[in-house]
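Worksheet: one structure, shown below.
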């Protein structure tokens, strides 16, 4: 389905506001990204239970899932109009694309999970503190929460990125590099991090107190303007998911284990690291501002981004 | 058919292959081009057939000629059997299996219809190429040493066949050869080519087919030709 | 039979080595799982039917992409081989595209064609077009002039010359090109299924990497390799049947 | 001159279209930056010298990988072309590898060979080996038996037959293979530089993608395409010089 | 050189090309194999040269023979010039430019040293192939209709040249032809081949070179041969 959003006249979009019964939208389907890693329980539950499908079937709109996992891909797809909601995208990616002129708006928080993001060292590495990292080779994905974690951790010892050798790689590749012994440390998250910890690799630090690891839900400003109803319905559906997770905790874990094919123990151990409440708190905004500052400082963005302006005020 | 042609071509240094040549090929007759190896016979034939550009001069061809050519090499399609090679030039609808079978019989390839060219001897390949040109049934046939690879008897048989075709269907034939005997046997007009020029023309229309090559008149002509060729190559 | 052993020998050696290395526990099993573990997850996926689904989805994508690429390469190859004079118009663009990594275009493709099948198929087309194009072009352009002259002497028009002489003559080259192209179609499946796939062998590998399931990654690699190989065999077989020995099979 | 215009025409049209589309502001500059913006960031990179650095680093990697792949393909191609009897030993493995996406092997390569140049070069080798191998094999195997018999009649030994008859005969095929291979080397640069690169054109693109800098991505795409094209031209030229017309240039 | 050979080969249906053939080729003499197109001359020569397996029978060859072959087709390397084609069989060190130049002169290709095979006429290509075999300077030369594409005069010159080489260097030559005259001119021993058998052997060692083909004895032999061949083809 590569239909582009159907541009309609202003008249029809205002009609959507007038008549609640037969609203007309600028889309004929709802594209949602589906990201299950690192451990995105709400996405898994939602898909299993078909909550969005149910919600949007009220408007006769089918829901289409897209497995776009990386942030840049998601923001690109949003810009192309193929996707309406980025359901779980790193705040860093949103800031990056916004800084480069993309029309992207945050509508709610997805999760915060500082502890799920970790810096690993070899099994019998001597690295204990941030100061020990000086001159070491560290692998991880650039421009992500993990990268931010590293820089924040270095800062605790008064170091900067230039004091270490940072190599940019995806998470699975970073893992392989650490296991193969060609790097001293690797920045890992999700099931990979869990496995490595189980295997005895040393956790140098988690993201706790360093980053907030804010994952958000985003849409485009244009889409919201023309279809506020749909965005509102989306938020309601999100609440339903949270509701379900609270009421069926055991089942939630089982479904997650089944979908990710992780052991139930692993899921149980990792689940508490995540805070899935959807409300955008003051702390979230502050952390995003911090992130934005971090990116500016590290030359990853050239234009400042107004975080408050990024967030859609929906009532 | 009348023409006047003149042309030369390049090798490395400019090499005049055809040099101010003026010939006329009468229609419905057998014209034989005779000459030594490398004297430009093939080139002349290729110019006539339109395979080769010429540098200067004019070439007049009567229109509406369906023209066939037998090349000096067999040039069979290696991926087709003898049968398919023979009918190669014919539209599917026009293939008359009986006629083709007869043709294949004439060139002595019965039993080899399904063989591939690589499985034939050199002479057999040349005969298959001959059959292909005849099957195409052209009004004008250009033949470049078609019988060189054939032994005495098959050659005789083929010469007879050619004369038969000629007399029955009154086709125009231009025949290249280096054998003086063959030229005398077949030609109504013989052009002796040397160094890009027509050294001499002989008209043998008065002799009826089949000819006896040992008849005194023809021996006279033969001596004449030999004299011309040897003379030229000495100078 | 002897050939079977010759073929089996190096494969057995590789498997034994693998088993030994994984027994030695140099790397833990989630980094380099042993053959046993890989086979178990392979079997689990076979039983549940997901593997077949992944294979079919990818197969469909690969074949679609390959066919489109072939048709394009064939048409452009004909144009280039038969009418070299037309080359200046497209030559530079084709040559330019030949060196551009399809991976770098993913973002643009998503932008223009969305995240549906189109983008995925385009990635595969981009990967397999060029070997086919170059080989077809070479095959047609290197046609023996002597044979073409035969066509001329038989009064063939351009189309007849092309279909009856140039094409059969270029066949071995075209087939080599198609085989290389088919291989590259399979290789492009990861790149293609990076674009929002939820099924397919490429997705299987990418997803397993994210989920730290090395055993599944290896299953995916094996399955792609073997399915691709089988495709290639079928392709060779089909061609051999179609040609029944008329052309030597230097391409097989 | 006329050819120049023929070549320039479609390129100019593309640029104009691009300018028009980006002027129409259908997509924001984040999605599709205009030619002006792209040129500005290109110029900035040229002036600071980073672009040249990226080019040189990638060039070195591509050439190393290409050369290694060529040597391997040549050796194995000779083996396969000259001694078809040896085929069963390696055939299945080669055919298997031919269909495996190099991208899926990145993690394994990092594990075994680290994140240095080795892994990157291996990715390039994997990408360019197969077209060369198949073309070399085909070229050698399709050698005219008639000419080989001439060698036999002159008392040539195997090596002489190979060097003096088979090799010159297979040259056009080998060259087509090499050109396809060179193209694929360039295309593999993104995959190769996914492995912990901090320089190179592939890195430039990947980094720009991650940083959502579409303008830089486009600069990278153009530069790879053009540098690859130039490489190809130089290669063709070198060969044409080396052969001085002895072989028809159906491969160019 | 003695041998006894017997062999047959497949086409589609089993086709016995050589059928219980028993021949002996004396050393240091010219043996001519004569036969009709497709009778198996080339096949016999290829078996002798070791290019073709034989199915049964034995083939005895004296050891240490440096053997050269002129094929029925020119088989020049299309990527090499005439000069390079001629020295193709020689190790670099053994190339004696004067000798090669003389050879090229003998075959009448002076001025074409730097031409590529595609730029030569059919006869010239055949002559270049001949020069290649002679340059290689073998003890035993197998020649498959080498003069078929040549005109009368060049053919005569080449025949003389061959006889000269033979008498000076005392090489063994096996010569295939379909021309009875040529066989009579050159052969010390003539084998008439038909349907895979040696129909008749003629020993002409008593005739000295150069021979006069019109001498009554040779005309007798010629008539004899013609009779044999025609007889066979009628049955």
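Letters are used for the chains, namely A, B, C, D and E, taken in the order the chains are written, and counting of residues starts over at 1 for each.
Keep this in mind: a contact is a pair of C-beta atoms (placed from the backbone, for glycine too) under 8 Å apart; a residue touches a chain by one contact, two chains touch by 3 or more.
Here the structure is a predicted model, which is why all the values come from computation and not from measurement.
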item: Steps needed, at fewest, to go from subunit C to subunit E via touching chains; value: 2
item: Farthest chain (mean CA position) relative to subunit E; value: A
item: Maximum centroid distance from subunit B, chain identifier (CA atoms); value: A
item: Relative orientation of copies subunit C and subunit D, as a Cα rotation angle in degrees, nearest 5; value: 180
item: Centre distance in Å when subunit A and subunit B are each reduced to the mean of their C-alpha atoms; value: 83
item: Subunit B-subunit E separation of Cα centroids, rounded to whole Å; value: 26
item: Whole-Å separation of chain centres (CA-atom averages), subunit B against subunit C; value: 50
item: Per-residue multi-chain contacts in subunit D, two or more chains; value: 27, 31, 107, 111, 209, 214
item: Set of subunit E residues in contact with two or more other chains; value: 73
item: Touching two or more other chains - residues of subunit A; value: 72, 76, 79-80, 170, 172, 175-176, 179
item: Pairs of chains satisfying the touch condition; value: A-C, A-D, B-C, B-E, C-D, D-E
item: Residues of subunit D touching subunit C in the complex; value: 3, 6-7, 9-11, 14, 27, 31-32, 88-93, 95-105, 107, 111, 130-131, 134-135, 138, 141-142, 172-173, 176, 179-180, 183-184, 186-191, 202, 205, 209, 214, 217, 220-221, 224-229, 231-232, 248, 250-251
item: Of all residues in subunit B, those that touch subunit C in their complex; value: 49-51, 66-69, 71, 73, 75, 77, 79-80, 88-89, 116, 132-133, 136, 142
item: Interfacial residue positions of subunit A with respect to subunit D in the complex; value: 72, 75-76, 79-80, 93, 96-97, 99-103, 139, 141-143, 167-170, 172-173, 175-177, 179-183, 300-301
item: Residue ranges of subunit D in contact with subunit A within the complex; value: 27-31, 106-108, 110-116, 194-198, 203, 206-207, 209-214
item: In the complex with subunit C, residue positions of subunit A that touch it; value: 1-4, 31, 33-34, 37, 65-69, 72-73, 76-77, 79-80, 82-83, 170-172, 175-176, 179, 190-192, 194-195, 199, 260-262
